[in-house]
Amino acid sequence: MTASRPLHFVTLLGSLRQGSFNAAIARALPALAPAGVSISALGSVGEFPHYDADLQADGFPAPVQAMAERIRAADGVIIVTPEYNYSVPGALKNAIDWLSRLTPQPFAGKAVAIQSASPGLLGGARAQYHLRQSLVFLDAHVLNKPEVMVGQAAAKIGGDTPELSDATTRGFIATQLEALAALARKLAG
Amino acid sequence: MTASRPLHFVTLLGSLRQGSFNAAIARALPALAPAGVSISALGSVGEFPHYDADLQADGFPAPVQAMAERIRAADGVIIVTPEYNYSVPGALKNAIDWLSRLTPQPFAGKAVAIQSASPGLLGGARAQYHLRQSLVFLDAHVLNKPEVMVGQAAAKIGGDTPELSDATTRGFIATQLEALAALARKLAG
Amino acid sequence: MTASRPLHFVTLLGSLRQGSFNAAIARALPALAPAGVSISALGSVGEFPHYDADLQADGFPAPVQAMAERIRAADGVIIVTPEYNYSVPGALKNAIDWLSRLTPQPFAGKAVAIQSASPGLLGGARAQYHLRQSLVFLDAHVLNKPEVMVGQAAAKIGGDTPELSDATTRGFIATQLEALAALARKLAG
Amino acid sequence: MTASRPLHFVTLLGSLRQGSFNAAIARALPALAPAGVSISALGSVGEFPHYDADLQADGFPAPVQAMAERIRAADGVIIVTPEYNYSVPGALKNAIDWLSRLTPQPFAGKAVAIQSASPGLLGGARAQYHLRQSLVFLDAHVLNKPEVMVGQAAAKIGGDTPELSDATTRGFIATQLEALAALARKLAG
């Protein structure tokens, strides 16, 4: 066991809009991390072209390669995403489609946690289970519990630069980050 | 019943690469349509930007509006798509994410059939069930049977400009198109 | 159109316990039905043995045959069910497994609506999407909207013989029953 | 690491019929296990009553308690199951519904592998992903790869007492059992 080794997690954000609830959650994560865990944001999935095997034949785009490097170097990935049309946003799925083609595949064996927020009651649950199915193929180790599904997000996230103010949600997320750290340490052997 | 009214279907393609198995299937559809049914291809999902609510606030991109118009005018939609990472390709999902924001929402009440092809044994099955879940939200009427999942596609689709040559698969698809026509006519009342 | 023809729906309940929230919802349905629609309860899924093809070879059990007859005679089916372990209760799935083996298969072409209630926030959503996947195979026409997922059921259903008292939920369900009637009439042609 | 510690896995079978393809696979497992791994069969899910919280209030049935004890004592669980109606057989799901209510919950933290066989091409794939969703709630560690989906089972399993004769499938399964052993050892720390 290497419980004392510092860990670094990276966040992968599924939304592109400035005022995104999910972006606000992603920004809150560094302050909610347990001792010994640092968290930083990956680049935007909006910088990737649409996946096209013909494009890939010309070489992987630089933002794809850069994101893959950072995921490989991280001890864990936190995917923070809205739900669109009862599933994963296309732009996020597209990023996964690119990343999955690289060797070594960056998600393989990696500890992953999922968080989602939505204005409705379900908090993005449907997107999470679809994402979990993709992560089976990617051979990631996805944290089971606690699940973080932030429903009625407008009541919990507010301000000009939106901030996650809801204390219960912050506590929930802190617990998940601790669980992810424990999983990452277990996987490291 | 209006069994004799001609119907028009449009195809929505989930792959961008030139030599795509799924593109070959989409190209085969007009010749496999029953009497009284014409089929034409929608524009490429590769022309849509990544969905971003801030972009939407500036107005829907022209290719999104054009595709929506053609879907609204059609009697049915045939989605032909590969499976990426056990789910729907990001670029196709992104197109759906844009289209879903328009009013009137183009898929509402529309007859839809799904076809998928893959090199493996499952023929894209996993992508189809995820797509069906999105289409619940979109309030489409998705054909149940027959399902068209073309596994081991390399043995069924070949040539420099790939063509669907496998007679069994062609027959299967023709049966699905008949079923879609019957569904579209039932929905038209 | 046969808008004035009376319709009859049957309810299929996924829970066996006496004080079930979902049983309370099923009991409330007849009073919430639109004019011209009557609703009655099917027998209990608890009366079916576990599905076993060897048993089937000896003949379908009487309760299976009786339930199938009543579904075939109905204009629509309303499945009311809890969620167990993020999916459909085994006893309800088992009933479907038996019914699906009969010819004519009772769900084929039938209008179906799904309702679920749970103590948690998601209201049984996860069970609903799994059930929808089974109903693709069964070739049912499952209503898309409105979805009825009754979360925090303990606050909406109470009393010694539990009763659905929450007015908002009652209104929601009444709207779904109207939509199911419209779907059943459309399917009848 | 405790690579040399012997491991014991138990098999949970989703089919009740005597001639089951999946039963044949479950019987083949002990001979396919890697050195240091023994495998034995759990009792039949057919011995469990339908889950009913009122029954549970009177005490958990003896077969439920016995199966839970054996799962808790095992280093891993192999679920071998057919697909019914595009999902998990009701009888298997019902067993999970009972087991999930016990404390300590027997699947929590357990290494789990899934195998399925079907006469069709998909080999039970749809049941596997539904099962995976339930296993998220149960907090099991489900092996990602290799997936064992045995399609066209009638060509691979035969004889009066059906036997898994197909060498490719046997090799595939042996590889999965090795991967499950590695996962179980990693989880043991």
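In this document, chain identifiers A, B, C and D correspond to the written order of the chains, with residue numbering beginning at 1 in each.
The criterion applied here is as follows: a contact is a pair of C-beta atoms (placed from the backbone, for glycine too) under 8 Å apart; a residue touches a chain by one contact, two chains touch by 3 or more.
If you're wondering where the values come from, they're calculated on a predicted model, not measured in any experiment.
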Q: Quick one: point me to the chain whose Cα centre is farthest from that of chain D.
A: B
Q. Which pair wins on C-beta contacts, B-D or A-D?
A. A-D
Q. Looking at B-D, B-C or A-B, which pair matches A-C on over half of its contact pairs by residue number?
A. B-D
Q.
Counting only Cα atoms for the centres, state how far chain C is from chain D in Å.
A. 30
Q.
Just the number, please: Cα centre separation of chain B and chain D in whole Å.
A. 37
Q) Whole-Å distance, chain A centre to chain D centre, using C-alpha means? A) 31
Q: Check each residue of chain B and list the ones that touch at least two other chains.
A: 126, 129, 133, 136-137
Q. For the complex, which residues does chain C have touching chain A?
A. 121-123, 125-126, 129, 149, 151
**Q.** Parts of chain D lying in touch with chain C, wherever the complex brings them together
**A.** 16-18, 45-46, 50-55, 84-97, 100, 126, 130, 133-134, 136-138
Q | In the complex, chain C residues that touch chain B | A | 1, 129, 132-133, 136-137, 139-141, 144-145, 147, 186-187, 189
